[in-house]
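One structure, pasted below without further comment.
A, B, C and D are the chain letters, set down in written order, and residue numbers restart from 1 in every chain.
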Amino acid sequence: MIPASGGLCMFVLVNLKAYPCDPIEVATAAADVSDETGVRVAVAPQAAHLDAVAETGVETWAQHVSPVEHGSHTGSTLAEAAVDAGATGTLLNHSENRLKLADIDGSLDAADRADLETIVCANNPEQIAAAAALGPDAVAVEPPALIGTGTPVSKADPEIVTDAVSAAASVDESVDVLCGAGISTGEDVVSAGELGASGVLLASGVAKADDPRAALEDLVAPLE
Amino acid sequence: MIPASGGLCMFVLVNLKAYPCDPIEVATAAADVSDETGVRVAVAPQAAHLDAVAETGVETWAQHVSPVEHGSHTGSTLAEAAVDAGATGTLLNHSENRLKLADIDGSLDAADRADLETIVCANNPEQIAAAAALGPDAVAVEPPALIGTGTPVSKADPEIVTDAVSAAASVDESVDVLCGAGISTGEDVVSAGELGASGVLLASGVAKADDPRAALEDLVAPLE
Amino acid sequence: MIPASGGLCMFVLVNLKAYPCDPIEVATAAADVSDETGVRVAVAPQAAHLDAVAETGVETWAQHVSPVEHGSHTGSTLAEAAVDAGATGTLLNHSENRLKLADIDGSLDAADRADLETIVCANNPEQIAAAAALGPDAVAVEPPALIGTGTPVSKADPEIVTDAVSAAASVDESVDVLCGAGISTGEDVVSAGELGASGVLLASGVAKADDPRAALEDLVAPLE
Amino acid sequence: MIPASGGLCMFVLVNLKAYPCDPIEVATAAADVSDETGVRVAVAPQAAHLDAVAETGVETWAQHVSPVEHGSHTGSTLAEAAVDAGATGTLLNHSENRLKLADIDGSLDAADRADLETIVCANNPEQIAAAAALGPDAVAVEPPALIGTGTPVSKADPEIVTDAVSAAASVDESVDVLCGAGISTGEDVVSAGELGASGVLLASGVAKADDPRAALEDLVAPLE
């Protein structure tokens, strides 16, 4: 997940949730900002918007895939269907979509089968270690109390980030750690990186911004 | 839901579940068969395939929408996003995706807000009455034991269909009743109609057929 | 559910939830108050407290039973086990424990098999009609926004109670309607009865009272 | 969990699920067999039976506790209520009652607060490592395909047991590993111990036996 180039390399994943934003506007801005700066930026839209978002050329992630194979699973989000629509990665177990332990394992199997990169979210260092033990590409620590607050976890509770980094490393050193909740400025991204994170999850800071492109440019400016 | 023309008018909804079929092939066949015969035929693909399926011109349904409004709902299926991608209706509470009573109510509100037609599935006449009380456009009775068997509910258990029709009517006469589980031939569709159903849900009979177009033509032949 | 005697006859069910109260103290008070006044008062404790509560002689209800029969269901609440421990009724689908539509139906079957009286909770008149269609002994309307507020639903939103009474009656006239959320005084109970309710659900008003016996005496005083 | 005495020391936990057995008969037999042989034997009944089972003097476990503190949680199984009724430990995340990752963490917190010993079940070595990372007293590996078969996991798939032991140890060496699924004879218990397990979970082998006492005596005979 960490690019080879020097400097602070951070992955920026913009989760559009079910926000009333224009997914194409955000996706186009993200694609442009990523192209211009070399910073890896991806967008995770609603499943029904994957197709349209992927067509902008931005790196496209699913918000979730179901722990199922092809078969009789009405209403599921099949990993292969997300890939057909252009997804190359998926979030799992977001605090707004918490999964059973066995289903995180099953969804990771599904993602692996469909060749999707994976980030498993969790609330605290213990759950981060548990998530890391299931073998995802990365984990993301998002204290639920800070989600959507605008108070970055890297400031409000820096220890939870360093503890999460240690917890993941103690289980599997190859698993990257991202940091979510309250990230909205370039400074927050830098702080997250200094605490050991390899990237950030953010949502309202970009998706609800009056000018998503400007918000993204601000976010990645210190990383160029 | 019932067309005004004479004869037996049935709505045929093909649920693609998470089957390994080509959704575009089925959708194109369904669009053509519907055009050629005047029978109303719709296809319900994975959320990530809605866009591509709707582009074939077929009537497109979601397999599920979440009981949420715009907001912080990662991994949900927002009704508005399904509509953006071309859906005009949605299944709810399929036996493979059973919902809480309060969430069926919430999903119906979401569908109503986004102007999606609705079919709520249920297992037996009591649950059909309960579903009808929530005010969907239609309900569908699908005894779980018969799903995917090839034994049509209209033959295996005709009483469950007539009881479902009575149960729905006793609560709200404007709610149509569809019949699912095991439907695979035109004869099954006719039987369902004779028992009082206004349409059929089917899945493997078309989605897993070697020749989906031929399967659909056979299904609707007696309705022309 | 309605006693044969004249005057306003209301069933008072005290839900102890997971409150840090002494269930035996509340149960003993409820048994005494019921004996002294002739008002039907029952207590619904934690499953693990059913035995001890029933031994006080109070009418004892479960807070939930699972939609299962005898078998391999680790962690379930078997209706027969609740009966063994002294329960004679059960709440279902409380807003803190919302169930799938199919599971309300299954839990009602389980309760029926074990000879438990049933009250299915729901949030609004549409869901009340749906719950009534499943054939419980009673339904209870509890707008989630009012639970635990001390503002009685009978004052804050009297129309939701009368609408619930109409909705239940339109589906099945034999289903009683209880009224919950914010009930804490005898006046609230009388208001509920005047709106057509046959009883009340309450919780914190008694379980968190400094003197549960006095709280209960106040509640039932206007009913003697 | 492992007694200090020499020889093979195994914990035997009998899960009564929702079986139609007499919990007092099994509990009394388990208490007697444990007294006579010095082997640690516990019984996990329905929550509503905890009280009666604990009164036999047997070590009593809950089948589940909810991830909640005291408060408004109707239908939950409060850890403190299980303790009131005599439980000293609890199973969590049994394959018949799979929990969200965050809820296993929350239920472990609840059990810790109420001073309940804990065993978290899981299906495979990856999930065992994840469960161990959450800090329970023990984990139990139970391949779902073998539950209730009478084919012991120690014979059908010995590698899954040794892999689970390694997986747990790689995360936290203080976490014991139990082995479930298909255990019904003393020989199965010995095999499990030889593969590194510190105990066994069993259910139908005792609970459904014509003579539960004889079944237990057979099970523990090789451990005396």
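To be clear about the criterion, a residue touches a chain if its C-beta (ideal position, glycine included) is under 8 Å from a C-beta of that chain, and two chains touch if they have at least 3 such contacts.
Chain-to-protein mapping (UniProt): A, B, C, D = Triosephosphate isomerase.
Everything numeric here is computed off the predicted structure, so don't read it as measured data.
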Required steps from subunit A (Triosephosphate isomerase) to subunit C (Triosephosphate isomerase) (each step between touching chains, minimum): 2
Residue-number overlap at the subunit C (Triosephosphate isomerase)/subunit D (Triosephosphate isomerase) interface, same or different (half cut): same
Interchain centroid distance [CA atoms averaged], subunit B (Triosephosphate isomerase)/subunit D (Triosephosphate isomerase), Å: 44
Euclidean distance of C-alpha centroids - subunit A (Triosephosphate isomerase) vs subunit D (Triosephosphate isomerase), Å: 37
Shared-contact residues (touching 2 or more other chains) in subunit D (Triosephosphate isomerase): 95
Contact graph of the chains (line, ring, star, complete, other): ring
Set of all touching chain pairs, with the criterion as stated earlier: A-B, A-D, B-C, C-D
Contacting residues of subunit D (Triosephosphate isomerase) [partner subunit A (Triosephosphate isomerase), same complex]: 93, 95, 98-105, 122-124, 126-127, 129-135, 167, 170-171
Interface residues, subunit B (Triosephosphate isomerase) side, partner subunit A (Triosephosphate isomerase) - complex: 15, 17-20, 44-52, 62-64, 66, 68-78, 80-82, 84-85, 87, 91, 94-97, 147-148, 203-204
